[in-house]
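Here come two complexes built around chain A, the first alongside chain B, the second alongside chain C.
After this line comes the complex of A and B, so read on.
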């Protein structure tokens, strides 16, 4: 549990293994919500929030419940149920304690249950970080660091992409490429740029 | 809607990827080769058909408020079955698909079909819809997969991830033999566009394929609009001629 672990996990999850451009998780909100910068910021804040809580909870459940009781094969069912109920729970808590936060994040929270980035990060934590011998707190710390980095990377890309898209709306694109095709090509060029960061760690 | 239409609608008219843009994550992530795309598609066919059948069977019992969580649990059960089967019979495919195998649970296509079709129709129709839509999804994945693998390696391979029917990996299709007609030492795989097997190539390849679909559609729309315009002009001309004819008749009658 050190700062180096935290910094490495965040940097690699945010820039090198970017969740959208390299791992292709969360493409639906990437194409759907990124039409305006303001909604992109709201969505990515909600995703970051839920992702950190969800990865901590799912890691805990896997390490303390599913593995000791010898039922790791139902992890998919358990995780999706946990995430779905967690999203509802978070929505209720935010509604109760912070009206302005609920106003800005509220409409994005129901969409998050079917956001593959959340389940993807939870599953990735199990296959990538969890081992039989890792102490619980150490693994949990790494899992949370990775999910913070992933959430930040998601926000970074979705915000940058929404800014590009606002420009793209006003530009003169051939009719066949209008809309999603040109957005995908722009995303491909962004992904090419991020491929160049692969060597920094 | 007849059963045949119900089955065929998933391929072109309501194709999940090319028309509705559902399930884009696997469409980008697992389509680096033909085989992984085919494998993913067939797994989705199985899960979609199974979940559609079960959802249409239990649609009367589930209260309306909790139907989405219930559908998700049904889908997750089938995904777990598929995960174990793949692990047992095609471990290479299991490793290649990685995290995208459990992520079939949150594929919008499957929940969308459960919500939009299976919860309103009977078992037989739902099963047909599941198979048709799943095969449409497979068709789209395979198109992208062939496009990417051909551009990145110059051929289509079989037997690496799906070790069925063959002992050794074989080339289903390759351009090598054409070039061997005049140059023996040439290997086309060395000159492939490797970027198409990497993440950027996935975005660009899907962009190109979607653009070609959109191009076809815009041209069709244009043609339809032009045909309509021609029809209107024709109608106007006929109306004008009729008017003239009646005017001449009236004039003759007046005489």
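After this line comes the complex of A and C, so read on.
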């Protein structure tokens, strides 16, 4: 556990192995909630918030329950249920105790239940980080670091994409390309640009 | 029998946890000052925030 591990995990998950442009997870909010920058920022904050908590909880459940009882094959369904419960719980707590936070994140939280990026990170932590010999706290620290990086990467891309889409709304795009087609072309170019970052670390 | 019982118990407990958190969340009132934000965000026909019809 060190700053180097933390920084490497964050940079790698954020830029090189980006959840949207490289793993193609979370495409639904990427296209659906990227019409306005303000919505994109709210969604990114909510995703980061839930992703970090979900990664810690799912890693713990796998390490302490699923593996010891020899039932890792139910990890996907267990993680879906854990994430769905977690979103409900987080929404309830925010509703009750932090009205300003609910005002900024509240409407995005239910959408996160169906965000496959959260499930993808949780599953990725198990396949990529968890091993029988890895000490629990070390694995948990790396899993949380990766989820922070993934959440930040998600935010970076969705914010950049929403800014470009706002510009595109006012530009002279051929009628047949307006809306989703030109957005997908932009997403493709962004993905190619991020390919150039491969090999940095 | 034991091989089936453990996963069934784990999934059963997770489903129960989801139902409990869902009911608790549903019974928690939305703060008054946030009602407008929620109303503005959702589409009137499909009640989805991501739907662009209302914007």
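The definition used in the following text is that the second predicted complex is superposed on the first by the 201 of 201 C-alpha atoms of A that agree within 3 Å, B and C clash if a C-alpha of one lies under 4 Å from a C-alpha of the other, contacts with A are read in each partner's own complex, and residues count from 1 in each chain.
The working rule: contacts are C-beta pairs under 8 Å (C-beta built on N, C-alpha and C of every residue); 3 or more make two chains touch, one makes a residue touch a chain.
Note that the coordinates shown come from a computational prediction; the quantities given were computed from them, not determined experimentally.
Q: In the overlaid three-chain picture, which partner chain does A:35 touch, first (chain B) or second (chain C), both, or neither?
A: A:35: touches chain C, not chain B.
Q: Going by the contact rule set out at the top, does A:191 touch chain B (first), chain C (second), both, or neither?
A: A:191 contacts chain B only, not chain C.
Q: Would you sort A:81 into first (chain B), second (chain C), both or neither based on which partner it touches?
A: both
Q: Once the structures are superposed on A, label A:65 by its partner contacts, choosing first (chain B), second (chain C), both or neither.
A: second
Q: Going by the touch definition up top, name the partner, chain B or chain C, that contacts more of chain A.
A: In the superposed model, B touches more residues of chain A.
Q: Mind working out whether A:27 is in touch with chain B, chain C, both or neither, as first, second, both or neither?
A: first
Q: For A:178, is the partner it touches chain B (first), chain C (second), both, or none of the two (neither)?
A: In the superposition, A:178 touches chain B alone.
Q: Need the overlap of the two footprints on chain A, from chain B and from chain C, as residue ranges.
A: Comparing the two interfaces on chain A, one with chain B and one with chain C, the shared residues are 28, 73-74, 77, 81, 84.
Q: Which residues of chain A touch chain C once you look at their complex with the stated criterion?
A: 28-29, 32-33, 35-36, 65-66, 69-71, 73-74, 77-78, 81-82, 84-85, 88-89, 91-92, 95-96, 99, 102-103, 106-108, 111
Q: Tell me, which parts of chain C touch chain A in their complex?
A: So the residues of chain C in touch with chain A come to 6-7, 10-11, 14-15, 17-18, 21-22, 24-25, 28-31, 33-34, 37-38, 41-42, 49-50, 52, 55.
Q: Can you list the chain B residues touching chain A in their complex?
A: 21, 24-25, 28-29, 69, 72-73, 76-77, 79-80, 83-84, 98-99, 102-103, 105-108, 111, 195, 198-204, 206-208, 210-212, 214-215, 218
Q: Which positions of chain A touch chain B when the two form their complex?
A: It comes out as residues 21-28, 31, 73-77, 79-81, 84, 113-116, 119-120, 123-124, 127, 175-185, 187-189, 191-192, 195.
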